[in-house]
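Shared between the two complexes below is chain A, which has chain B as its partner in the first and chain C in the second.
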Partner chain A sequence: MISAMTAEPSGLIYMVAGESASAAIASNIFNALLKYNATLDLEGDLAESWKISDDQKTITFKLKPNLSWADGRPITSADVLFTWKSVTDEKTRSPYASDYQLVKKAEAPDALTFTVTYDQAYAPALDSWSGLQILPKHLLKDQDLHTTAFARKPVGSNYYKLDIWKNGENIQLSRNAKSVLGPAQIDKLITRIIPDNSAQFLELMADNIDTMGLDPIKYSRIIPARPELQKNLNLYKELGNSYTYMGFNLKHKPFDDARVRKAINYAIDKQEIIDGVYLGLGINIASPYKPGTRWSNPSLQPYPYDPAKAKALLKEAGFVDTDGDGIVERDGKPFAFEIITNQNKEREKSAVLIQRRLKEVGIDVNIRAIEWASFISRFIKTGDFDVVVLGWGLGLDPDQYNIWHSSQQAPGQFNFIGYNNPTIDKLLEQGRTELDPDKRMRIYHEFSKVLLEDCPIVYLSAGYGLTAMHKRVQGIVNPIPPAGVGYDSHKWYIPEPLRRNEMSAQ
Partner chain B sequence: MLTYLIKRVLWMIPMLVGISLISFFIMHLAPGDITNNEAAFNPKASEESRQKLRELYNLDKPVIVQYGLWLKRMVQLDFGNSFAGHQKPVFWQTTDKDGNVTKGMIQEALPVTLMINILGLIITLLLAIPLGVIAAKHYQHWQDRSITLFNFIGFSIPGFWLSLLLMYWLGVMNNWLPISGLHSLNYDTLDTWDKVKDSVSHLIMPVLIPSVTGLAGITLFVKNGMLDVLNQDFITTARAKGLNEHQVVYTHALRNALLPLITIVGLSIPGLIGGSVIAETIFAIPGMGKLFYDAVLMRDFPVVMGVLTIGSALTLLGNLIADVSYAWADPRVRRGVVRG
Partner chain C sequence: MRIEMIKKALSNPLALAGFIIILTIFLLAMLAPVISPYDPDEINVKAILLSPSWSHWMGTDGLGRDVLSRMLHGGRISLLVGLVAVGISTAIGIFLGALAGYYRGWVDTLIMRLVDIMLSIPSFFLILAVIAFLTPSIINIMIVIGLTSWMGVTRLVRAEFLSLAEREFVQASRTLGAKDMRLIFTHLLPNSLTPIIVSAVLGVASAVLMESGLSFLGLGVQAPQSSWGNILTDGKEYIQFAWWLSLYPGMAILITVLGYNLLGEGLRDALDPRSGSNR
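And now, the complex of A and B:
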């Protein structure tokens, strides 16, 4: 099967490489202790079982017996311990180390047992162990993870192993005979590096690649209009774990006033953005969790589009149009602000629609799109902005302490909107230490409710991830389960007569 | 001549330092650094880890100190390693203690870009010189007019648009040429002849499209040069001697008309190294343009500085070669140089 990606990974040790391209390839090669199943519940990957102690501070993992690396050496708890030590090591520069640094003590009492102890119960711990790809100690113990050649010729344990990596051209994986999870169906996974999206699409049209991610216009306009493409391609859509929002700088007046924030929320027609910008391929959300998952509170409703209510709320907050120019004023100052966003077409278009709707309720909005690195360091870090349109891509654990807790406002931290709500703080703290899934769910349902009521951000939409796949690839579960289209790709297969000649010839 | 050469070469050193100083400051004055890239905007990535990274790369020090450190490494021709995830050497390969070779980023990208651009330049010249001569010979006749028209159509068409159309026509509608990339997936299993065919077919579009769109300038240059020369006395003399028109044009006029072309080719040397971001992105070619562009967006300073330094060194070298070959080709200049 041939796919395409726009950026080349810098290396295949994900915890130091850090970018999504690296994760996409490395996840076919390495395993973690745990993984998410089709319905997004955790299950064992390398681990056969795990146990949480009564005080909720210690987790004991039992590895599956008789596992081996692709080179035949056994996988033991020493490898797990080595991986943990590497990621938390002073000298290792991993962007994701913080979860693992909370582990006070990690031990490998026997070859199949690995225990970690935390200072206090830490609910996202299990999720974090599904994200740490276990590395082979025997190959890496004297190596510098940042420069080792291993990152470009890794030895892993998962369904595939790396065959060839042609810089800037393609990465070729083939089936790992010693896979700890049994054999995969498809012999070879080839990922071509094609930076330009249009070129990728031409390759898809010419049947040189089997799958690629689509944007809404290709999904809903171009492919349906071409019978020859429809004949060859299956289309899939799945809700991603990300959303676009408009965030207020809560330290700036008048955004410290919840009535103003709500007025703006009522004034924006979210459905219009979904239809206009995402061609209907998104949904309106009311909480920062993927709808349909455990953590998303089903009783919450998004703010409807209601300009009359918006005007009433603005009036209540003291904004009235006194001089008849169509813009509301308070204390003689017109209500005007600037929306900043990074150079992302969808966000820019959303901002334009927002600008128009806010004009209708008497708010004057400017839009500025800024290159990413400048955007972050010049505006977000310094807090020098009024309103942003941005997105969050989130993990599967519901903990969002870093985004909403009032302690996370220092420059470079993620509560850059300056949100400070004691109720939210308390719920986030509780949610972090509660390991019981049901109790935890109730905490996050409450958290989402308070957040929606307080309206520190306006949820604009959650877009669908869109995928085109050649029909020769079969065995894909449809409708797509919550875990997404690729979660069981090892079960996909390509029937013999449909295989590509140039690949079977090898 | 030798003193002139030595002087020119020595002059390149302060020039290089100046160029590097300016580019270093411009790059570091741009907001943001490697820790601000999009992958790092992830709630799981902590500010402490970013700070650690900044300290490690000395990004927390004043720019002038950073420049000093960089210059110190440069004196030993050490271009350093990329900041990005897995720190590949910027310029040339390194070998670790186990004998694993990691190739340098510029080492890999430069030959690709050079090959494509030199081929492109050769094709441009091969087309532009005859076209220019024909246009001059038939000045203001239909041949001249249609060449000018053709050139300006090529000049006005955006390269990326033409590329996409041709990719669609030659690659999707008809399976004549590969759409993108440098090699087929099964390249390694092919025999030598098929390898050559495979490479050539992958190169046709990326080489030809920029040649056609870049044709206008050089054709016009050759044409104007020819027109100048054709009106000079020695051509009249040649004609008076009874030489046939072919000899007049190709033996006497063309050689003189081509002299200024050396300057143009010399000036295009930086372009040969730079590579085009747009073309490389569309055709999925891992060349210098893409390398540089990505590095700027990532604020990957060692790569940016490496590309700029090597680029400017080669540019200065290119200018030198152009000047020297000018002197070689034109006795008038040569004598002027010797006397000076």
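And now, the complex of A and C:
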């Protein structure tokens, strides 16, 4: 099976690389202690079972017996302990270290037991152990994870192992006979590196790749218009765990005033963005959680499009058009700001639609699309912006401490909009330490409600993830489970007559 | 230029063809607000990516805006950037070239080494690097293109001045006691005008291309303002499907650049005695 990715991973040790390209490949090679099943409940991956102590501070994992790495050496709790030490080591500089640094004590009392003890009950703990890919100690001991050759010649435990990595061309995986989870169906996974989306689509049309993510235009306009593509491709649509938003720099005036933020929210027609930019392939949201999941508060309603209310709120905040130029002023200064976004077509188009709607209530908006690296380093990390249009991709645990807590505002941290709300801080702290799922749910429902009322960001939409897959790939779970279209991909298969011939040129 | 020079220039079929092309494009761009069928920024989410039809001659783009209207308004930007950028580069080029060619000596050496240094840097990358530090805007683009493309004119003016300075009428004027400024402005400069004009016309073509390239990369004209380059960027996404988003701006750039080149080459053939009138 051949897929494509736009960026080449810098290495396959995910805790160091910290990029989605690395995760996409490495997750076929490595296992974590736990994993999510089809309905997004946790189950064992390397672990056979786990137990939480009565004081809720200690978790004891039991590994499955007789597991081995692809090179035949056994997998033991020493590997897990080594991985934990690596990820928390200052020298590793892992972007994921913070979750694991909360572990006060980690031990491997015998070859199959691994225990971690936290200072206080930490609700996202189990989720964090599903995200840490366990590395082999015998190959990485005393090595620098940033420079080790292992990052390009990994030895793992999952369904596949790395065969060939051709720089800038492709990464080829083949079935790992010693996989801890049993054999996968498809022999070879080839991931081609094709930096340009349009070029990927040409390759899909030419049947040189089997699958790729689609944008709404390709999904609902291009493919349906071409019978020869429809004949070969299955299309999948699922609500993604991410959303697009417009965020205010709360340290800049007048965005410190909730009335102004709400006015802007009322002035933006969210449905128009969904229809115009996403061709209807998205939904309007009112909380930072995927609608339909337990964490999403079903009683909340998005701000409707109401320009009259927007104008009234602006007036209340002191913005009135005194000189008749169509732009409102306060203290003689016209209300004008710049929206910055990265060079992402959908976000740019959304910004253009927002620009037009805000003009109608008397706000003058400028748009600037900036290349990703300088966008992050020059504007986000320095806080040098008025308003951003960006997206958040979310994990499965509801904890959003990193994004909203007032302590997370240092350069490079995720609360770059400078949000500071004591009620929200308290709820986030409670949510992290509450292990009872129902109580926890109520905390996050309340959190979403306060957030919506305070309006530090405007939710624009949650878009659907769209995937095209060649019909030769079979066994895909349908309807798509909550875990997504890629769930159980080891059970996918390509029937003999449909297989590609030996991939000579590719 | 005198009337007979213009007549002579336009009797050259190449120059005439180029002139007509440029004139047409200019008229279309000037009249854009009048002849555009739609407001170029008018969004219609119900008419996204429509193929060309009677109501939208060049189709619509990803936000349902009329491509023809955006092309016409975008043409204004492309032409403006071309002219202003070349104005800046020609002014700098004439000034430095005149200094170098007239005073020679260390002034000449200094200016020519500067030219060599500037020429050794690929200009598109230099512009990319500079724009990355500034806010992309039409004004900045014009200035940056102007400030990075004066080297050709400088060399040209210097060479003209060097050769003209040896001619009898200049020598005679100098013997009669004419001052530097008088020599430069009444003798040397007017007699260098032809090659300067030719090079400026050709320069506009490359400035138009440069602007399109920058806008294509997202570093030029910013949304929602249209330019041929950024319409082309939108088109890239949908090239297999919405061909009109790539074809029309591509053609516009091609024809404009061709027009300026034809005009420039034609002018050179017609006006430059050294290139011979037998062509």
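In this section, the second predicted complex is superposed on the first by the 501 of 506 C-alpha atoms of A that agree within 3 Å, B and C clash if a C-alpha of one lies under 4 Å from a C-alpha of the other, contacts with A are read in each partner's own complex, and residues count from 1 in each chain.
Keep in mind that, in the parts below, contacts are C-beta pairs under 8 Å (C-beta built on N, C-alpha and C of every residue); 3 or more make two chains touch, one makes a residue touch a chain.
What you see is a predicted model; the values in this text were computed from it and never measured.
When both complexes are overlaid on chain A, the residue A:Asn478 reaches neither chain B nor chain C. Residue contacts after overlaying the shared chain place A:Leu394 against chain B, while chain C stays out of touching range. In the superposition on chain A, A:Val16 contacts chain B only, with no contact to chain C. By the touch criterion stated above, A:Ser299 is placed in contact with neither chain B nor chain C.
When both complexes are overlaid on chain A, the residue A:Ser374 reaches chain B and chain C alike. Contacts of A:Tyr96 after superposition on the shared chain: chain B is touched, whereas chain C is not. When the two complexes are overlaid, the chain among chain B and chain C that reaches more residues of chain A is B.
Residue contacts after overlaying the shared chain place A:Met205 against chain B and chain C alike. Once the two complexes are laid over each other on the shared chain, residue contacts for A:Asp275 go to chain C alone; chain B is not touched. For the contact definition in use here, the residues of chain A common to its chain B contact set and its chain C contact set are 198, 202, 205, 371, 374.
The touching residues of chain B, when paired with chain A in their complex, are 30-33, 36-53, 56, 81-82, 84-88, 96, 98, 100, 102-103, 108-109, 164, 167-168, 171-172, 175, 178-186, 188-189, 280-286, 290, 294, 297-299.
Of all residues in chain A, only 197-198, 201-202, 205, 215, 217-218, 221-222, 225, 272, 275-277, 279, 343, 345, 348-349, 351-353, 355-356, 366-369, 371, 374 touch chain C in the complex they form.
Across the complex, chain A is touched by residues 41, 43, 45-46, 48-49, 62-64, 132, 135-136, 218, 222-224, 234, 236-241 of chain C. By the touch criterion stated above, chain A contacts chain B in their complex at residues 2, 7-11, 13, 16-20, 22, 93-99, 146-149, 151-152, 164, 166-170, 172, 190, 192-196, 198-199, 202-203, 205-206, 208, 371-374, 376-378, 392-395, 400, 402-403, 410-414, 502-503, 505-506.
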